[in-house]
């Protein structure tokens, strides 16, 4: 397998999906070793760093990419398989940013109340124990949490000539902030423009579902990703697959619309995989779907609908490409 | 332990939370063996039964209860521990009801489109294999799914002199439709009126998260439940606990408000259990919460926020009553 | 015309729709002169009165009623024509209540931020000039605003054996808080129970659309209302009519659902009045509807959809009963 | 006053806010006579034209512009005063597009139901009577409605390097679809990029509030607009002013967030104009705001909050520029 390694210069960071020249052109079937900066652009390195003083909001969620995939055309499906994710620094950071997050008024849920207190939490990575350490900022509580690295953003250039900030989760993927975007997952994304122009970033050393305060344990990340191209078959919304689950991510507002999107896309997927009538798929999924919230804090809210493969023997998606990618990954990692 | 067995006559079914005379007065510390009718009031027993012709909408989600708990006063906490749930019939039913469900316009999301097709699915219970059987109605697909019994409704009488239909999930519990309301779970509900007046019903032999089409595998249920009373300490919203998780259920509209409710209540719970400042709890929960949707179809949408106890060693809720109830349950079951 | 005058004793105040014994039985065709207490239950009579110290949340929005209308049966339509509204006191009050209102987190939009400052504003009524006077509480700005009295709540007993607090707007009317509920308006409400059991209250000397902070210029009110009964023809949601407009009020969450409800009910009304196909009504209303928000602060959000009669010559609703009531009103007032 | 006339070639139509080269550079203080194509790109000219067969979704809402305003910098305020709007064709068109509109499932409110029937309505313009004619498509009802021309889209290039389709209403204005954007209105928009890069389009010969079915009486338009630049003072969200009202347009989802945005921006504006404390402004606006929905169908829902100047004597916005523009307009028209 072709392997490519890429660490962007700071000047190469990209803050949008779409609108940027490709960092590189790659062939389908390439394994990429990518380094990405953290969502704060390395602005928060101490608990004394307050977001309002250190973060430049124009430069958050820097993306590594975009990468032009040879042969990718609108209507195709880009398959991105996450082989490995490892922290590229010895600590991650999280913070409460004024008027950003799930339990505060925001620029959208626009209220008159004062902002919540700003604060920054630094989580030390313990590589041996594979943990990150929480230390209270308003008391002295401590606890170690398992390192569970994931990518907050995986996205393509949007269609309709749009350019969106890297803070947005949408039909093209983007800032979905789902813990499912982790080692062993294959993401299927519908291609909107020639070359697909995918990028990744916003590494999280750990994140709960919902990403309640708006920022996970944010950290620079080393990612190993295999890129494949499936001609045609573009899903309407991002689909994910790992060894145990089929998943869809819907992103919109209000949150029930995010769920509706994901659930309907899963109905479609089930009609494709199992030859089911849509009403039968709707019924069967009613009894089998899981529905974890991904984020409740971004420009769109993201909801995952997922189904355990163990419940539905015989289902094969995209001709079994996930299985092949897993095999290939074993040789890489 | 005192044990009481109760199977209501049809004339004793109750269709509201609040507004009904108690079926019985019980002492805290009682184990109850309760039978409950299915949500359709046993109206759908064949795939030929269409909801619009067989269901009387005035008589759905019949409750078994309410039960007056001696000594329960407003501000107290009722603890209901689910010892066991077993199907009381050999089949469950599910159906698509016109203008009800998650992927259709409803009386609230009021649209001009025609209703989806009505249909009824009958799921045979295989007791030996502990499965329920799905059979396609618009094709010939079949699959067996694990029996995973749960209660759709567990609720108390509301406050403010309100009486609500048994279709509503709210602060008082009710029709939350979460798969977490299952064997081994203790529910903590804030008491609003003298005697608490709790009831249960809406047994599901199995349900996915979201309850997409609006009805689970609905079936009559035999429930074994231990009732305990905690003086004071009423949570604002329903809290659940099992051996592995602390959980809160928020119910409102839009769905982001359901999540906000549950997440904020969990912040409160964490400040209580761990002496954390609210901002530290908010931060820590950002990295540790799970957030499965319970239902996306009822009068309010319900979202669960849950945290694995394994991540937070040392946490003890309500003086360890869940553990005690688990011990007691072992002797009963 | 029969006339009845009724001023409830404090002990007769009712805080729910449904669940209360009728204050009186009346015949259709009766004119009623009703006195109602203000929404705060007369607890705020000075700018020094803070809501958290003076308001008892169990006793807000006291209703005058309910009145049992002879002959009213489920499926009938109650027509309530507002002949006159006059302030029953020399001042009205408004206040910001902690975690209640449109630009603050609430019990539903549950956030971690501190509450907004509490404050009470007293508006003196100038009967000669027909104004109420605003005086800043955090500065010295003053302005007189036209007196434009309206009723915040006009509601019937709900169906499905429910009892709802008088704070809720719903299908049965209730706390809709629309400035359209004013002198010269006829409200058509679908009857859910024998006798209809309507009540009124929550007089506002003036209110903007949205009722942004959650409380209007609240004041005791003298209302003159003619009660009529239309057999059958119950609208699904409250319809209003004045000399210039047909109107529908939808109440739910999120606010787009309130709008959908009102718009769809207006489509239905147009198919009835003009014999239009629903698609033609949908199209025509797209170009002619007005859509003012009523409240953005209550348990449900209320949206009005209204159409100017001048645009649609020849439209007659309910056999012209509004016109007849206007005639009758002239003799009363 | 400088006057410029511009009618774009078809090849010059722009379908985004941002991302396009300026059609022209203009000085502040210029009056522009602009022609714009209709939202369907002139694809629907007969009732036999079905949207799914005639509309190319990549080419809808064509914009005339963008125009680079000399001296405009981020943080400045662009003032666009609408002097005149006249239909540029003898008919307008409206249609129901599959899965688009307010009373149907959409790509966001994703449902399983079949699409509503497609249909196109053609409205003949009667210049003498100043009306447009509705003719039923599913029956034989006819009615003439007043011509009330307005612009659906008035927008600037977004910030954060974004490019958005011309279907989106946002902080930068865009597809707000409010009937308030009409003759005599001045729009104040915050500049995000050098030159502001404003464009207009989506002329409506008439539209109800909400734009229920998703399309107004769409028609090519001749617009006369005076462009002025105010250094600094950029409002966070679009503000409008006419002789009688101050207005703000908020655009987001769910609709209550659109309202919150608009209401909060109006609070800010009132603190600026009247020196009021935010809490006093909140209170005063509670009793004086109007809150008509603009659109309930676009990528974001738009809500207007407006206040009658007659209620607040002495208020002057932006040093009275609206008054000056009105004076200037009289000489032009």
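Points worth noting:
All chains are identified by letter, namely A, B, C and D, in their written order; residue positions are counted from 1 within each chain.
Keep this in mind: a residue touches a chain if its C-beta (ideal position, glycine included) is under 8 Å from a C-beta of that chain, and two chains touch if they have at least 3 such contacts.
Fair warning: this is a prediction, and the values are worked out from it, not measured in the lab.
Ranking every chain by how far its Cα centroid lies from the centroid of subunit A, the top place goes to C. Pairs A-B and B-D differ in how many C-beta pairs touch across them, and the larger number is found at A-B. Taking the mean of the C-alpha atoms as each chain's centre, subunit B and subunit C sit 35 Å apart. Subunit A and subunit B have centres, each the mean of its CA atoms, that are 32 Å apart. Separating the CA-averaged centres of subunit B and subunit D is a span of 47 Å. Listed for subunit D are residues 103, 109-112, 116, 253-254, 260, 263-264, 267, 279, 282, each touching two or more other chains. In the complex of the two chains, the subunit B residues touching subunit C come out as 15-16, 18-19, 58, 107-112, 160-165, 250, 252-254, 257, 260-261, 263-265, 267, 278-279, 282.
Against subunit B, the residues of subunit D that register as touching in their complex are 103-105, 109-116, 254.
For subunit A in complex with subunit B, the residues that touch the partner chain are 94, 96, 102-103, 116-117, 119, 121, 132, 134, 136-139, 141, 143, 145-146, 206-217, 253-256, 259-260, 263-264, 267, 274-277, 279-280, 282-293, 296, 301, 303, 305, 311-313.
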